[in-house]
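Below, each structure is written out as structure tokens.
You will see chain A twice below: alongside chain B first, and alongside chain C after that.
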Partner chain A sequence: MATESSNVTAVRLVARLPARLLALSLSGLIAVLLVLAALDLPDDAGGLTTQVTDNLDQSGVTHPVTAVLLNFRAYDTWLEVGVLILALLGILAVQQSADLSDTGALTDPGPVLTWLSRLLVPVIFLTGGYLLWLGTAAPGGAFQAGAVWGAAGVLLYMSGYRSVTAMGALLFRAAVLVGFGIFLIVAAGPTFTGRQMLQYPLDLAGTLILLVETTLAFSVAIILTSLFCGSQPRRSDASP
Partner chain B sequence: MPDLLLDILLAVALVWLGWRVLTLSDLYRAVILFITFGLVMALVWVRLEAPDIALAEAAIGAGLTGALLLEAVGQMTEQAEKRP
Partner chain C sequence: MNQFLIFAFTSIALFCISLYALVTYAHLLRKILAINIMGSSVFLFLVAVAYRNRTETPDAVPHAMVLTGIVVAVSATAFALTLTRRIHAETGLTYLPDEDDLE
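Then we have the complex of A and B:
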């Protein structure tokens, strides 16, 4: 890893003084306009908070943010996972492989990192699971749990374990796509029984949201860890 | 009054951290300050009463992006040292 003060420095392009003064004054003007606009906002929040609160008992969860993310605006959450998969496809295209099994694990993690990761990874796993379960009633939910689990995967990789790079192509694709796929089934399923897309049946809404959240968190964790591991040099590139 | 002081402190810290991240010439220190910026941003989200965004910001902005940038600086250092 990098030493205390790396010998990598940024290249400074120093413009002339009038150009710098002009840039500074324009930035200051935009900042002042933004502050004035923020101070001018009405005190009453308005928006759709009343409509969300009125329909909260039909959504299957008790936390308004989760109800909006996974029931009222579930389409947006679904497509966000698609965007994450697209980002992962970009990494795989640069690596020119269908999975990350060619990426080697980091060597020589050191005793402190090994001990710390053995201490922290189970706790991080538990915290992510707790955030996932808590999302129905309090701040939490699928993306927060997936991000915390992804951090655990990155910590595992930094400690010398292979984590997501140990998966073969089939398992890797299944793990990445299960979140999007389950959401697809849950979204398209109601159309076969005469309802609209993404119109959950009222008595199953809570269960469906929990199922979708769990698979979503798992997929997001795999994708986020792969975004980190995929930027490591490949074993076949290493010079002898 | 203490809330206002905390808000002013967070705003000043954000602006100062952003300025230092952009103007530091040692990239390693700049990445460390970027991670700190992510954590202060998570506190700002809490002050704006959006705890869900605060959780996501702390995990992704400070954690994952910070780790990615540190890896990038480490690889740049290795390549710079390999060059004669």
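Then we have the complex of A and C:
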């Protein structure tokens, strides 16, 4: 049924009633099944807490979440950066360009935003760097720092300054791929010395994790800013 | 009804409500919002599972999974929004026209 508002017949963009009832009943069924599954979880399971705490001193860091992210489950983190790059590739494909130098600027940001971004961006860089360093002992690490730095990039773009939009294609690709590439070298390196993939040597674990985290944070920041700037309309798309 | 069950039922309710919204509404932004809320409800469930038995330290593995999931959700949302913008720029519509199912 189309709802009429004033003189315009507005289509409500919703499925028809039988389809809605079917969707409602199926969602309700899924809800019931999930509730039964949640009630059925065993009572005294601590998960993998004991395994993590027992092996924490061999991981190279002292914070359990960072140890899980960058040592025990480093494969997930590594491929997560791959997913980020894949999303960026999708955006570049949709925009039909190899880099973001064609991105249009937003409309006039005004003096308050430009002044505020000049004030905030150095502080944001410091905060991100601190989070990156803090990851070994407290909540922090590569993705947190990368997200904070990415916010700085978005703030710069909204204020009219150029950051990722000023990079040529080669530099852009290098910046995006350096995190994944260094992680690839660190992951595949042990296989050349007779170990498994991602099996860091015990005395170098902390150093390798810090190296991987730094390049990862830089790459993630570039990618996150590009995910935002890449969705903006391009200058060549604008009507003359 | 302990603390974990409250979080679990909330996340299940959010998941199923947004699943319904994903299927029912045709506007692409609503679909993207629904997928985001489904993702957030799963994160809520994972974080609740991590602290289920009130041990001294919460289980670190679901926390790491949630961190990974948040980043993946953000990037997928960015890609979906770019596609939506492109669809709107090319066709002028904000929904995928399929006139048999819509009213």
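In this text, the second predicted complex is superposed on the first by the 194 of 240 C-alpha atoms of A that agree within 3 Å, B and C clash if a C-alpha of one lies under 4 Å from a C-alpha of the other, contacts with A are read in each partner's own complex, and residues count from 1 in each chain.
What we mean here is this: contacts are C-beta pairs under 8 Å (C-beta built on N, C-alpha and C of every residue); 3 or more make two chains touch, one makes a residue touch a chain.
Note that the structure is predicted; figures quoted are calculated from it, not measured.
Annotation for chain A, partner touching more residues between chain B and chain C: C. In the superposition on chain A, A:184 contacts neither chain B nor chain C. In the superposition on chain A, contact is made by A:148 with chain B only, not with chain C. Of the two partner chains, both chain B and chain C are touched by A:227. In the superposed model, A:87 lies in contact with chain C only, and not with chain B.
By the touch criterion defined above, A:137 reaches neither chain B nor chain C. Of the two partner chains placed by the overlay, only chain C lies in contact with A:14; chain B stays clear of it. In the superposition on chain A, contact is made by A:23 with chain C only, not with chain B. Shared-chain residue A:65: touches chain B and chain C both.
Of the residues of chain A, those at positions 1-2, 12, 65, 143, 147, 224, 227-228, 231, 233 touch chain B in one of the two structures and chain C in the other. Those residues of chain A that touch chain C in the complex are listed here as 1-2, 11-16, 19-20, 23-24, 27-28, 30-31, 34-35, 38-39, 41, 43-49, 52-53, 64-65, 67-69, 72-73, 76-77, 80, 83-84, 86-88, 90-91, 94-95, 143, 147, 220, 223-224, 227-228, 230-231, 233, 237.
For chain B in complex with chain A, the residues that touch the partner chain are 24-30, 51-52, 54-56, 59-60, 63-64, 67-68, 70-77, 80-81. Across the interface of their complex, chain A is touched by residues 5, 8-9, 12-13, 15-17, 19-20, 23-27, 49-50, 52-53, 55, 57-65, 67-68, 71-72, 74-76, 78-79, 81-83, 85-86, 89, 95, 101-103 of chain C.
Those residues of chain A whose C-beta lies close enough to touch chain B in the complex are 1-10, 12, 65, 131, 139-141, 143-144, 147-148, 150-151, 154, 158, 224, 227-228, 231-233.
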